[in-house]
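Listed next: structures, encoded as structure tokens.
Across the two complexes that follow, chain A remains constant while its partner is chain B and subsequently chain C.
So, the complex of A and B:
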């Protein structure tokens, strides 16, 4: 029962030599062209890309830029392209990779330098655009905080949390064919968020309101159903289901005339 | 020199800072928030298990209220907390949880009827009341008499942070992401904003404000083994310290969490034990009942961590190639529970350890987790020595936690402090105008510019990273869970040397832009001062209280040490903080010092304790059974210190409002 990873027998193999190639470019030094730089280091027990990159920066190259915050797979800071696939570097164990490891910054997002990209700026703009907050009845003082909270079915709370687990890491956007072609595409992250607020009884918006936000080719109808987003989501969010569901609902809203063409009385 | 003007400058984009910003914005003030990272990546997101608020919805929380929460928190603090603040906090916490519910946090809810649970290693059936159905659920946490911890599976901090951050966006509050405050602008009496560095371009910008709020979180990275995120380096604490005017309180009060996964130190929530998980030793034996027969695994964190280390020292640890550790066993909770209520724990185990906690035990060992100390403030959140400077959350010491914080009280504190301090910040801005000369702003800007230039091309020879690693090793080895005069003195002396050497740091690289090496260099200069406040405060405090345990002074000494340590850094050339002490007033305490109900029972009494206890007993007798509110008001009137909007009573199933 208790023979966990930490109790594995002493190593008999010599440690592997890792060759980590990083796509490097610092926009503050435009005269230096983007280039691949390869670092070699010895693999250690339990080594993650977080540990490896920090070791490289501490010992070999203090100028290397990358982002980590929680180093526990929950904050979404460290998404990068790892051997061709977007993922969270902090929870990627080097043992799961071949000795040759290629790292590149996430595409789509503004490059800050080397492996660091500005997902924060992109996500804030996305949030402002599709209004990722509960639109409740406005009162001068907000809710009456002395009173007991409004009730919610346990299953409903759990269903909302299921979609609320998004960490805005940007992997779904980086893996999205539409986002690569269409600069203003909202991405699976936004569509999942609206699916989350649509489920939430506290949000008073209806499908007509959501249609206004994502009922076009830069929204849910731009999706080509390549579903790279669903493949790479580190939180295993049900993005494929949510995209299909929201597209159906938005199509119905458009059909009903949410775009103002043929408004129905309800 | 670029200057940004704002009414309120908030340094820190975690839950506390964001909630302060919302409060001030709603009162009509212009708010600018600086954050090292996009706010949704703040360390608040890492709070897993939940937030304490006495809603008393679940059957195991029946009978809970502010009074019980108050008592648990004061006992948890080992009587180091400010009881006025604990009262303000426990009163406001239910309102905070309900506000978050209105903002969309998908709190886990009560389902009526029977359900299976694990209590003290036994499977039991709990029956939830019909009238509780659909209300916010609570789980058990350490050091509490009732189940009080409201939760969203084990992603509570994440859900809270996203809801509050989205409210900030809805309120159109600008967040200057990837911006780091490097010094506070002040004239010796009042704070006027901060000099901050853009972590993308490297530009230094002056932010001028009527009120400045430090809400920058903890300082776990002073230690080598910590659950904290890599951004929790205490720079907010340090820039307050560097004013020479603002003081830090109780920096020696550092919490070690019992269940950091071994060896990485990543947190697995206290909810694992709250939900029925057990600690086992190298022989598979459940050892906590041997030490703590009453609370067992659910004594307060300081006690459990100490017992674990004691057990390892007794040779009972499990051995691995990384060293010794113990086991956290949640297998008895079953697959369904783990996959619904402990899913982050499951993910962490899977990715970092390659194990499945449904079947396997989790290797754990205590790791640095929380700084109870921080920027010393009044209950309003304002610094007691520098007007216009406020602090909230982990960076503050208004003093909710004393010498040990209860699990679930920190993420609750972030939002509660945000609500309360946010109102006092708004009050301050109502009463004060900007009153600063551009000359003063320029002086501070130039001073920071010169400090950076010195690092970049001052020809220094010291390696910042090496200094940092040494500091972290000293703190973990000599200023950890068990403390003693000789190692502490050695730590202080060595840190003095490191502080001197940090004045001669040189860089190897000179890349334009953010320059990560430069960031390490200017941070380590500040972190060393902060580390010294911890080490020196620990050396001077010759007693054991809460998380501060001195092997050479194992008793809590209320007679000598019922006081707060205040540290200030008077001169840049100093290598030690200047310490002074602030007495706690036993005669004002609602709950006079006593035994905590767990841990050692050997305190040295304060002379006022017996006097106050007689007064309290007399008031209780006079009040009889009726009216806990009236009794409470007689014992410790606190309501007038709360913003008027938060003074109302809290509704519960058994305490309905008219």
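So, the complex of A and C:
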């Protein structure tokens, strides 16, 4: 009977053959031009792109470069462009994809080789640029480490934690048309971080201070609300809401500044 | 510590860009409704035209009022266009980066922004002749006058393209403005976005339909009136006695 295959329960169906093509280039070997290399392998149960890539590296091609640490969507190192869209390889099941899978390194970031990019360097520069740490009052001797921290309302801690879940994977930056066009654009990741510190009662910075950091067209006003960031963020951070929120606050800070009212005495 | 205070200008420019855009969108929706009064009757359209000329307050038509309104809209458009131009790709390299990104991502809101760029750019060429005509010949608006323009003056191809670009630009623009600044109480981002899409998709479809139907009606009127170009419409109710 012809229908036999269709009638079989899912487990007994023959596994799919995946064709994974990888955009390969190693900046250390500039003489070899960027090229697409295709690997074929059999899909296994519960296979993620992380598992598939490891199998390729172990069995077919030990020279293939890509990054992984946690394989659980926590470290943010396995982000890559999967069929055109940035995502985490370790959180992407191959069953969610067609049998033809195209992988490329994240754009914007410095390429280390093949699928491996240096997001760390970019994120570090971003952190220094918008100062992603709590700016607390310091005593003359520096921070007072012995003093007990002030209590925080659970809802407040919850709201901060919600935004603090960012794993700095870089997907939002790679998915952002603005970041692709203008390399000085801070990106949703930075704006979300400042939204997080703005909520933190221990951070003494006010909107005027934040305006100094992101109140221009390389900052929050550069965002064109393309929402690629919001749609790809693997941690489902509410980036659209936070971008709009910071835009309102920064617009208000900028507008008020006209008569010098927002200028804080330094 | 002393700090260099950053310019407040970017905040103002950004707010102005959105406000001018929303004002223009509201204007264009109003414009569409007034123009489509022709779908009710020639008398209705005549009444609307006369209303904007101050006829019912001043007792006589004062077309210069229309010119003034056109000048204000044109100024607003210029401000909006200059501000929006900052967001366009500024070089071929940027254009290529965006195109590559848009094609790879296949992402709805990224496409929508690109349509904003395309329609905005198109309107730069399409809206100017129309505005210039309305500015300099404000009296030439009316059931017959507009019908003559559309048919005998051969303005309809321009109006057809303009209708599409202006309605798409306005609908997408206000949708994007709502997301850009956020709506109060918009807790669930994805749901807000879905609802806004339905809302503004609907408005755009209705406005576009009204605009196209009106254009078709003016075409028909203009065609039927092709031998008497220049003659103005006078409603039966205000025939001879009220003519100056």
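The rule we apply is simple: the second predicted complex is superposed on the first by the 237 of 266 C-alpha atoms of A that agree within 3 Å, B and C clash if a C-alpha of one lies under 4 Å from a C-alpha of the other, contacts with A are read in each partner's own complex, and residues count from 1 in each chain.
Just so it is clear, a contact is a pair of C-beta atoms (placed from the backbone, for glycine too) under 8 Å apart; a residue touches a chain by one contact, two chains touch by 3 or more.
It should be emphasised that the depicted structure is a prediction, and the values quoted were computed from it without experimental measurement.
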For A:76 in the superposed arrangement: first (chain B), second (chain C), both or neither?
first
Between chain B (first) and chain C (second), which does A:44 come into contact with in this model arrangement: first, second, both, or neither?
neither
Could you say whether A:112 touches chain B, chain C, both of them, or neither, answering first, second, both or neither?
first
Counting only touches as set out at the top, which of chain B and chain C does A:23 meet: first, second, both, neither?
neither
Of chain B and chain C, which one touches more of chain A's residues?
B
What part of chain A is in contact with chain B in the complex they form?
1-8, 10-11, 26-29, 45-46, 48, 57-58, 61-65, 67-77, 91, 93, 112-113, 118-121, 123-124, 127-128, 131-134, 136, 141-143, 145-154, 156-158, 160-161, 164-165, 167-168, 197, 200, 202-203
Could you please specify the touching residues of chain A with respect to chain C in the complex?
81, 84-85, 107, 175, 177, 180-182, 211-212, 215-217, 219, 221, 223-228, 230-231, 238, 240-241, 243-245, 247-248, 250-251, 253-255, 257-258, 263, 266
Touching chain A in the complex: which residues of chain C?
1-3, 5-15, 86-87, 89-90, 94, 97-98, 100-107, 109-110, 113, 176, 179-182, 186-187, 189, 193
In the complex, chain B touches chain A at residues 37-38, 40-43, 45-46, 55, 94-99, 101-104, 106-111, 133-137, 152-153, 155, 158-159, 162-163, 166-167, 169-170, 175, 177-178, 200-202, 229-231, 262-264, 266-267, 280, 284, 318-322, 325, 327, 331, 340, 344, 347-348, 351-355, 359-363, 465, 507-509, 511-517, 520, 645-646, 648-653, 657
